[in-house]
Structures are given as structure tokens and as C-alpha cells.
Amino acid sequence: MEKTEQRLITEDGRRIDGRALDEMRPVRIEAGVLDRSDGSAYIEMGKTKIYAAVYGPKEAHPRHLAQPHKAILNCRYHMASFSVEGRKAPGMTRREIELSKVIREALESVVILEEFPRSAIDIFIEVIQADAGTRTAGLTAASLALADAGIPMLDLCAGIAVGKVEGKIVLDPSEEEDKKGEADMPVAMTPRLGSIVLLQLNGRLTSAEFREALNLAKKGIEVLYELQKKALSKKFESATPLGEE
Amino acid sequence: MYRIGAKPYPTKIMHDKLYELILRGERLDGRGPYQYRPLEIKTSIIEKTDGSAMVNLGGTKIIAGVKTALGQPYPDTPDQGNIVVNAELLPLASSFFEPGPPDEKAIELARVVDRCIRESKMLELDKLVYIPGRSVLVVYIDVYVLDYDGNYFDPSVLASVAALATSKIPLYEVKDGEVIMNPEIRSSLPIRRFPVSVTIGLLGDKILVDPTSLEESAIDTSIVLGWSDDDEMAAIQKNLQGLIQFGVMDEIINVSKEKAGELRTRLMEAVGRVGGTP
Amino acid sequence: MEKTEQRLITEDGRRIDGRALDEMRPVRIEAGVLDRSDGSAYIEMGKTKIYAAVYGPKEAHPRHLAQPHKAILNCRYHMASFSVEGRKAPGMTRREIELSKVIREALESVVILEEFPRSAIDIFIEVIQADAGTRTAGLTAASLALADAGIPMLDLCAGIAVGKVEGKIVLDPSEEEDKKGEADMPVAMTPRLGSIVLLQLNGRLTSAEFREALNLAKKGIEVLYELQKKALSKKFESATPLGEE
Amino acid sequence: MYRIGAKPYPTKIMHDKLYELILRGERLDGRGPYQYRPLEIKTSIIEKTDGSAMVNLGGTKIIAGVKTALGQPYPDTPDQGNIVVNAELLPLASSFFEPGPPDEKAIELARVVDRCIRESKMLELDKLVYIPGRSVLVVYIDVYVLDYDGNYFDPSVLASVAALATSKIPLYEVKDGEVIMNPEIRSSLPIRRFPVSVTIGLLGDKILVDPTSLEESAIDTSIVLGWSDDDEMAAIQKNLQGLIQFGVMDEIINVSKEKAGELRTRLMEAVGRVGGTP
Amino acid sequence: MEKTEQRLITEDGRRIDGRALDEMRPVRIEAGVLDRSDGSAYIEMGKTKIYAAVYGPKEAHPRHLAQPHKAILNCRYHMASFSVEGRKAPGMTRREIELSKVIREALESVVILEEFPRSAIDIFIEVIQADAGTRTAGLTAASLALADAGIPMLDLCAGIAVGKVEGKIVLDPSEEEDKKGEADMPVAMTPRLGSIVLLQLNGRLTSAEFREALNLAKKGIEVLYELQKKALSKKFESATPLGEE
Amino acid sequence: MYRIGAKPYPTKIMHDKLYELILRGERLDGRGPYQYRPLEIKTSIIEKTDGSAMVNLGGTKIIAGVKTALGQPYPDTPDQGNIVVNAELLPLASSFFEPGPPDEKAIELARVVDRCIRESKMLELDKLVYIPGRSVLVVYIDVYVLDYDGNYFDPSVLASVAALATSKIPLYEVKDGEVIMNPEIRSSLPIRRFPVSVTIGLLGDKILVDPTSLEESAIDTSIVLGWSDDDEMAAIQKNLQGLIQFGVMDEIINVSKEKAGELRTRLMEAVGRVGGTP
């Protein structure tokens, strides 16, 4: 059975969905979308749709987990059963556990934990639709939710994936590009400090390609950073009691 | 790592305050005793599902998604499709919900939603059989509570029913004893009824519908009634500690019946089934 | 393949097992049947056979679960693996978890929890044979075990199911009536206060049928209440050290 | 939520008291050192099982039920039926038992019961094969401790063996390569031996059989011996911390052998196998 | 299909692997093999290969588990997934849970727990290859690791299995002898006190055979005891900082 | 029962001390910043595996074992064999590791090892297919950390790759649509590349490779880089909290590339692949 493989990048350097190589998908970012939490955010990147909520700082529980000089951060990245093709069984997969860890470590890098000794801050990320780039989009939303909760941070942070597809480095790969491409590299940074808080690579890149990819990610992150700040302003400008939005 | 879900607020003072108000036909948020909070139903919000809906009822936000797959029927119902309902009280939604596998409250919610759908015979399950005893459609309904300000039952039933009513499932055909899926041709699920549930809080012999989280902490008890049709119940669940006076049951039935009618009207609008529109 | 369906109710208004529509199965209720517990009871309704035991009041554990002004009640409704047709896998099913919750909430309605601040009362219900009506029979036994343990209550409570079978409202449905019938409605009340502590419905009832069913349940519950009181008297009369019963 | 099962009573004083008594051949409850508590064995108490038994040994109450089903043999025994033993220390039975999945004590109990039955070759497992390598009988034995006053091993073995010995299993027939069950025709399991176990507590070099819960908290250690036959052991389990003096083993073997004979007699009566009666 | 069963014991009273009936497999015992733990040991008996490590005494955790007058002992006997024929699924099997219990109880019999009130001592046994006799070899290594950690004990203890194979009582059965033989009896003793700390039997033995088997085990245990003591001396003689061993 | 894995040592003083040293090109244990600890790789140590290796890197000891079995391919890769990696941080190895199912650190380790092997395309998975879509070889790699003094990533990758490279798997043949195993005829796995990983700790803009446990508690953050080949990375995992300055990435890449080459040489020697020797 012969396959006529569809090309992912056309001869004029466009991708299947019409984007340029360095173009991200349509993004929507909102802050303060869930009333019960202390801070929350919503992000859409293409069909990827994610809520994030923050509770705390609050008393660490159980007590022996409390740290005398700083707050502990808990983070749960979770995907709804219906968020993927097919149906994900309820419960945390190994992938979700790993991503919860790397996202938490990224956020621990910017939250000023020393301000809240013996406390805990809980971050919950719920992917209601997964279409590539969920860990970086989830981190972007979580960082915004922390700011919405008024938790002091060195800076906001934002993330985006870069990929290698048919030999080209592309920004914000779609699910199809992620699956069929040669490499996927999620990157998150604190744009103001210019530092990396999350970096992973799946797939093969030469050192030259890596450098190109990292620079492309940086450009994307700066765009997301502006959108985060805009969402925060909008939230605080409309600081009337949340009503019948 | 997380607090165990005790009642969130001290209740005695709030209970007396609420009771005083309710005697005058009033509530804390300005509603009447029999009045629901603002309701919003949006469907088809998750493209990767066969059907989905988000329901906002006041400050409570629920999302439900429907996925279908081929599966084996249960041994005692070889000629019926299966329904599987799962519900999660996400920790995003309230400081009283904890991460982890569904606890007793989430399990109760899933089972009450399941009962409303199953016992009302909403779906014509006998039309979801491809090879009797061997191959049927399994309909998964996943309900997530995203934001919680009381009464997750009614919007969860609304979201689930709206998601089912707007689902488009692929065509399955039997060829040489094998079931073949054709994802290109899609059709609606066979739907017979539109069940809704009505949650009622009780303060002594006084009724208040659709209690908020604050009211839930102060009421004596509460009861959920699932109505499959204009005069037919399909499910009941008394669901907090506390006594219901025997004599109040009549009013509970009458009020919930009326409210169920109102909710069903809103539901039918949301799924585009008003006046026979498909 | 044509089925000649057996009728569940005969033309003269009798059920398959010979009972009248408003007749419950043979009942046996005993108090004080397990020596280690602080209170216990045994119930048989037809082939349904259930033990209940109460431990407490005792110190709540772990500490942070303790309530400053009242006792907490724990309840576990559990079915032995061999109690049903086929074999139930060990471990709690979702059904058992739900029933544990509704039974606990029913009992919380009558136990005077305020008498035992910072304490816990544990109630264990073990269904050794399940033949319909186990949640209400289990609740009936648990209430008796609480009384046997000397735990103060507003009143005993008792429960029974009512069903709709071939259009008729029947008391205490058998397993076959439950499975093939149109509705099953477990009800529990505190007879002295005349209040409902547990109410569930599976299946379809009109409001008129509901009223009929609820009244029928009330009549059954009053009978069970008398049997509970008799069992308690018998236990306390024979208050000699438990020997070779 | 529950206490962890440490030893229930302070032991040193009780230990000395017990030892003093045992030197005189006495025990706290008036029994002699080698005397079992009153024993009662009732069979066929759960109609929905293939076989069942309740055993009261003093204040310890055990219920065992047998269910059978078709299943696949284990790869290394394609021509034998399977035995699966599960035991639970129900929280009804003692404040030292906790709800939840079987802990190490419950697992040990199940495995000791299993060993007594399996290693004694009580069941003729090769007669429970319908299609070698593919379809055999699986015999599930579920043991529940309902009330616990020490020594759950011996009454659990008695209840399990009594339940097996009185089980009536349906007829299975092979037709066209398929195994068909006929639930109407029932027969006994193929039984070869009647294993029993004897639990012995040790205080230094002194023996006391069938220790109560109070005695268990004070003895130095204990040992369970499963006897498959008049002079054949099938299982041993030393099962508490503590030393057994090497020289005491002879007496342990002799006493347990004699007691096993007594228990087997009682068991045979209970299952109606006295003097060849079926 | 006829089987020509291979005999496990030859006419001149030798076993398949050439050993005499009362001969154990080649043994290697070392102390102090893992640096992080407070005490450790390694044992090989034939192809059976096991590490043991001890942590403690340390504060018991959580607090309510602490015993006011003595230390608690925790013990985990675990087999690596690749240690057996086929692949064992990760996680503790019921067998591993039972063996952890009997090994712990054996060690509790000799460790002087009263020296460390409110403390915990953790013992970890990791079977990296299982070829019969793992529980007794594991116990032998664990006892040595306790001594290496300087935990006070009544005495070292050691264990070995005895089996019945084709009617003969044999020392230290191989995996094949264990599987095909009539009985397997693991025994552990404290040689100096001459007391039994672990005793199990799987399979059928007459009382006479039992006595023979027990005496044979005792002889094997005395040999292992000497090897344990030698390993300890060697460890303490070479008490230079562990380098590039 | 066990302490939760917080950082083992107070870090601020140690951090400053380390930074001071590293400015002078020194480290606590006398190594240079880019120097690995002594490395020892032994293969074929567990006879019951298809392949195994033990790696000592300073005070960190890792054992990896390979088992293979027939299995079904994943639906999206019907023409490839499967790799399954499991890792456990055994409580023997450190007081900071707890017994129980793999926690987030063990899962991360397994997934990083998996990525190094899978993304480097080390194994020719398409040669491990016996019946496409139905029967393929499943390669299980189990990694255990036996003693832990920092940096479990690099020796785990080395042990896994060495175990795979020295594995001998049985012959599988397809006969009449069935796959038959011949355990007598054994051959190597089809290997294309030899991936290694390099772990780098960061103190501000200073690099130190192969950090010890003590160094891990004091560094700002760390990163693992998996190199599939001389100039190709296959995996990266930043893996502790903390910032990496953007400008340092170049040096990280250069240093890790060089170190990867060194490690690969040692690995090839250990598995007997130097200069074309099989």
C-alpha cells in the first residue's frame, strides 16, 4: 500500500495551516476567569484550551511539609478525559506527572517563595482541549494566574514550543507537525530577566539548529509576554465585582 | 496535602439569618425562594469531542464532553449500548475540592447524572447495537466542575444532556461480521427525552431552590429531583445530612416539577430543539 | 427467539413469592452480636443478611480531622465478595462508596454529634448476602448498633425500599422485582419524628405514584422500628456476659 | 483515620502473669494449656455461594464462602484448576483492624490458608480441567474475620475447608470445543484430604494452644502448623516477632499433631463425613 | 505425550548441579557495600544476588507511629523486575508483602529495640536476581547490614532453606529443586542463642522428615554465621574511607 | 513513614563556597569543573536478563536490566517494536528516596532515559516486527538506583545503553501465522547509535558537570543533555528549579558535546565495540 505523504511545508515556505515558519497560532489570554480561586487565567493557542487557577498562600498541610523559610509550591497539570483524540482514562498519567514537575520547577524559579514561610501555594492547570503546546501554554496561563492572585514574582514567565519539521525550524508546532516532525522543543523564559525556566527537547537537533530554535522561541515568548501583560491590565481595569460576564 | 471538605462556614448564625429572610420570601442574593440564578448553556465548545457543553449557573461553571467508541455490551444487556458517566470536582473550582481520584462527592455526582440519563431512558440504547451481545456503542460522558458556587447537580445534568443532544457520532456499519467506522458520515444520537434535575435546599419546612455554596453551608438538608418528563421523576437523591419533614415532600415535588419545566425550556433552546427545529 | 415473560404479579394481586403488595419479607433483627465492637446488630430481610458494628466515640484520627464542637461519623457500607451472584472483586466499588455516603448522612441526621467534640464514631456495615434492599437494611442495622453502643440519638431510624412493578407500588421488592421492575425507591425515616433521613429513586414514577410509594414505605418503616426496639429490649434484658449463645 | 495496629495491651506484666499460670497448667480463661476454646462450625449459610461456612472459636467469628467460575489455567499448570484465596480482617471485628485493602496481616492469613489447602493437595485439581491449557475451574475462597478474639488462622482454615467440602458446583460439559455450564446439575468438589491448622503460642519453653487476643499480646511468639493428614504437615508459619527455642520444636510438633486430629474430627462431623456418610 | 522426567538426584546421591545432599551453593557475603546507607551488605548464594541496606535509628515518622519505649522496625523485601524468569511487574506482590513481614518479625526478635525509643529503623532488601532461597539470603544480608550500621542485636541471625526432593532432605534447594520438589522449608536462627526466628513450610513433610530438615538447616546456618562474621571483620579491618573499590 | 524529599542541606553557605571555588576552577572533591567522577561499567551481571549492566559513577550506583517479550505494537506504530522504560529510586540508595510506586523524580528519570534511547533512534525498531500490526518485540528496560551521590541521569543512560548493546535476544520465527520463539538461537538487538547524556549544574553563569549530591543541593539549577551522535542532540531536560541565563546555553552545548564524546568512548569500550570489534 503506497503512501503519498502530504508535505507539511509548501514550496513557498508556508505550513499546512497557512502560517509562516515563525508565526504562532491565534492566541487568546484572559485573567480572572474563575471566581472561587485566588487567581486564574484562560489561554487558547489554536485549538489548545487551558484553564489555570491558584489557591494560596495558605497554611501548608500536612504540617511536616511546611518549610520554615519559604512557601512550598504544588502544581498539577491535568488533561480532561475528552481533551485528546480518543478518550484519556481518568487519573494522572506518567506524562502528566512529569509535566507537573517541570512546570512547577519553572514557576518556583520566579515566585518569591521566601515571602511566605510555612505556607503553600497550589497551582492547578486543566487542559480542556489538547492540540500541541499544552505544557508551555499551561505554564503561560499559570504564571498569569499567579500574578492575578497577587503572588510576588521576579517576573511573569511564558512559554512556547519550537519544532523541526522537514528540516525547518518552526514556531509553535501544530499537533500534526509535532507528531510527524523531527523534533519538538518546549521553552519557557522570564522575558525581563532573559532567563530560561523550562527547556526540554524530544527529537534530534544539531547544535546549530538548537541555537536557531532557541532564538525563535525567545521571539515567540516576547509576544506572549505582551499578551499576558495586556490581560492583567484588562482584568484590573475592569475591577468591578464579577457579574454576569 | 489538602484540607478535608468540612462545611466551609460556621452555620448557626447564617442558618437563622437565612430562615428569617426566607420567611419574608427573600434570599441573600436578592432571589426569591423558587428562583434559579442566571443560566447560560453553550454547546460544541471542544472540537475533539463528539459533543460538549459548558453551563454557567450563577458562579458555578460545568463542562461536559461526550466521546463514543465501540465496545462490548454488559452481559445482562446484550442488546443495548452502554453509558459511562465520570465526574470530577476539579481543585480549580474550590478550596474544598482536592486533587486525586474522585471522592465520594464526585462519585455521587456522577451516579446522579447517570441515573437522570439512564432511568429517564433519554437515549434509545437499543439503537446503539451493531452486533447484539458483541459490539455496541459506548457513550462516555465526562463532567468537570471548573468553578463551584453551590449546586453542581443541576448544571451537570444540563451540560451532560446538552452535550448528548448535540453530539454527532460517526457511522458504524457491519461488514462480514466486523464493525467498520466511517468517521465522515455523522449523525445525532437517538434521543427520546430531555431529563433535567432540580436541587432544593430545606430550612425546616421552607424551600429554596438552587442553593449557593454559602446557602449550602447553612441549610438543614437538600434533595435533588430528576424529572424525565412533565410528570415523571427518574431520580431522587437526598444528599446532605439532616431531616426532611414528611409533610414537606408534597411541596418539594410540586415546586421541582415546575422548575424542571422551566429548565427544560432553556435546555431545548440551547440545543436547538425548539418547536421541532432539529 | 420469543420470550414468554413470566408475570411478576398474579391476577389476584400476589407477588411471585406469594407476598401481598404491601407485605415485607420475613425479618430478623438482633442487637449485640459481635463482642469486640462497642455496639453491633444483625439483620435478615429475606435472603439479605447484614452485620453492623460501631466503634467509638474515640479520639478522631488524624487530629486535623477532629471537629471542635462535635464528633465526626465515618461509615463504610461493604459487600462481601461472595454476597452477590457471581463474585464481586474485593475493594470498594463506586456504588459502595455512594451508599456509604448516603447512609452516613442519614445517621448524621439523628446521632447527637455535639455530645462528643473532637471524637470519631466509626460505623461498619458488612453485607454477607445481598438480595435487594441492602442499603436500607444496612441502615436499619447500623442505627440499632449505634443504640447498642449507647450513642445518644434523636431516635432510632429504619429504612425499607418500595418499588414499582408492572404498574403496582410494592413494599420491599425482591431482587427479581428490583431488576425487572420500573422503579426502586429506598426510604429511611426516624419514625418518632416522622422525618425522612434517606431518600433515593431509581426509575420512573409519576408524582401520584411517588406519594403512594412514600406512604407505603412509612408503614413498613414503622414495623421495622418496633422490631428494632424489641431487639434492643431483648439485648438489655439478657444483659448477662455473652457466653455460649 | 485509624490507629495503626500496635500490640493492644502492655505486655510485660501480663506476660509474667501468664507464665506463672502456665507453670501451674492454667490459663486466664480457665482452659488448660493444650485446650481449644468452644468451637462451632455451621455450613451452607450463604445461599448465593457454592459453599459457605461460619466458624465460631471462642470469641473469634469467621465466615468463608466459595464461588467457582470458568477461567484459564496458569501457564505452568495447564492441567490443573486454580485456587484463589482472599482474606479480609474486617474493621467490624476489632479496633485494631482498619478499612482498606488487605494489609500484611490479611495477606499472610490468605496465604497461610492457601498453603494449607494447596500443599495438602486437598482438592484434586487435575479433575477440574475441562480443556487442558485453556479452560479450568477457578475456585475462589473468600475469608472474612467478623469478630476477633485471637487466632484467626485455625478457624479460617476450618471455615474454608468446611465451605469447600460442602460446595456444590455446576456441571461443565465440553461441546464443540466450548465449555457449557449446566447450573441444574450440581456435584461436590473432588476432595482428597481435610487439612487443619493448629496455632500455638509460646512463653519461653511453655506452649499454649489457640491463644486469645489478650494472650497474643503477652506471649513471646507463635507458630501455625498446617496438618494435611495424621502424620504429615503441609504448612508452617512462625508469625510474630520472638524466638522459638530449638529444643521446643519437638513438643510443638507433637502437641499440634494431636490437636490437629481433634479438630479434624470436629470438622468431619460438621461437613457430614463421619463414618463414610456423604 | 510421554515425559521422560529427568531425575533430580542421581543414584550416587548427587544433585543435578553436582552438590551433595547437605551441601549449599557457593556463597559470597560482603558488608558495607552501599555508601549512603547507615549499614549495608551484599549476598550471593549461587545465582541469587541480594543487596540490603539499613537506615536509622532515626525519628519515627509520622509521629503517631512512634513507640514510647522502643524503636519500630520497617522492612521491605523487594524483587527487581528483571530478577526472575519473565518480567515481574513493578510494585509489591502479595508474596513480597508476606515475606517483608516474616523477615521483619525475625529481625525484631534480635534487634534490641528498647535502646531507641520513639525511633525507626528501616531495612531494605533488594533482590537483583532470584534463584531460590531469597527470603533467607535476604534475611542473612539484612542482619549483616544491621550489624554494619552498629545497631545493637542479641546476635546476628542467618537463614537457609531446606527441601524435600524425590524423598530426600536437601540443603539449600536450587530453583529447579524448589519447583519440582515435594517441600521447601525456609529456616532462620540466631546461632549463638540456638533459637529459631523464622520458620515456614510449603509442601508436605512427616514429623520425622521435619526433624531431619530442621537439623540440616541448623548446620547450614552455622556455616553462614561464620561467613557473616568474617565479612564484618573484613569491613572493619579495611576501615579506610571507601574509595575506588 | 518517610521524609519528603526536600533539599538535604542548607544551601546558601554551600552555594557561596562552591561559587568561590568554581571561580578558581576548583571543586570540593578536587575535580575540575568539566571533569566526571571515576566511571566503571560492568555488563552481563544478571544471568536471567537478556542484557544487564551496572554502572558506578563516583558514589552513584545504577543497575539496568533488559528483558524482551512478544507483544502488540501501539496502534500508531504498527511496524515498530516497543520500548518500555521503568526506573526506581530505591530507598536503599538514599534517605531521600521513599519506598512506594515511582514518584515524580523516578518517572522523570525513566522518561529522560526513554527519550535518549527513543529519540536518538538507537534501536532499529522496524527490525523488531514479526507480524506487522500484530506481533512485535517489546523491550523492557528496568533501571534501579542502588546508591545515590548525585546525577542519576548519566549513569542510568549508560547502564541502559550498555545493557541494550550487550543483549542477546532469542530468535522469533513466523510459522503458519504464529510467532514461535527459539530460545537456543540468540542474537544482538539491531543497534544504530549509542546515545549518552551529560548532566550539567549551574552556579550563575558557571558550569560544573556531573554534580554530586552535595553540589546538587547548592547549585542554582541543572540541565541534562542527551547526545545521540557527535553533533546531534536527542533529548534535553532542564530539571531543577532555577534560572539558566540565556547567554550560557552556548557553553552548555559545547561542554556537553565534548563530554558526551568522552562518555561514548568509555561506553563503547565497555560493550566491546571499539574499532569494529563486535
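As written, the chain order gives the labels A, B, C, D, E and F, with residue 1 at the start of each chain.
The definition used in the following text is that a contact is a pair of C-beta atoms (placed from the backbone, for glycine too) under 8 Å apart; a residue touches a chain by one contact, two chains touch by 3 or more.
Small disclaimer: the values here were computed from a predicted structure and weren't measured.
Novice: Measuring between Cα centroids, what's the chain most distant from subunit F?
Specialist: Relative to subunit F, the chain whose C-alpha centre sits farthest away is C.
Novice: Average the CA atoms of each chain to get its centre, and name the chain whose centre is farthest from that of subunit E.
Specialist: B
Novice: State, to the nearest whole Å, the distance from the C-alpha centre of subunit B to the C-alpha centre of subunit C.
Specialist: A distance of 27 Å separates the two centres.
Novice: Centroid of subunit A to centroid of subunit E, CA atoms only: how many Å?
Specialist: Distance between chain centres: 51 Å.
Novice: Using mean C-alpha positions as chain centres, tell me how far subunit D is from subunit F in Å, no decimals.
Specialist: 48
Novice: For subunit A and subunit B, what's the span in angstrom between their mean Cα positions?
Specialist: Distance between chain centres, rounded to whole Å: 31 Å.
Novice: At least two partner chains per residue is the criterion; list those residues in subunit B.
Specialist: none
Novice: What residues in subunit E touch two or more of the other chains?
Specialist: Correct list: 61-62, 64-65.
Novice: Given the complex with subunit A, which residues does subunit F contribute to the contact?
Specialist: Checking each residue of subunit F against subunit A gives 4, 6, 104-105, 107-108, 110-111, 115, 119-121, 221, 223, 226, 228, 231-247, 249-250, 253-254, 257.
Novice: Okay, in this complex, where on subunit C does subunit B touch?
Specialist: 64-65, 67, 94-95, 97-98, 100-102, 104-106, 108-109, 183, 185, 189-190, 193-207, 210-211, 214, 218
Novice: Would you tell me which residues of subunit B are touching subunit A in their complex?
Specialist: Subunit B residues touching subunit A: 1-3, 38, 46-49, 52, 59, 61, 63, 65-67, 69, 86, 88, 90-95, 99, 101-102, 140, 142, 144, 146-149.
Novice: Can you tell me which positions in subunit E touch subunit F when the two form their complex?
Specialist: Residues in contact with subunit F: 34-37, 40, 47, 49, 51-53, 55, 58, 60-62, 65, 74, 76, 78, 80-87, 90-91, 120, 122, 124, 126, 128-131, 244.
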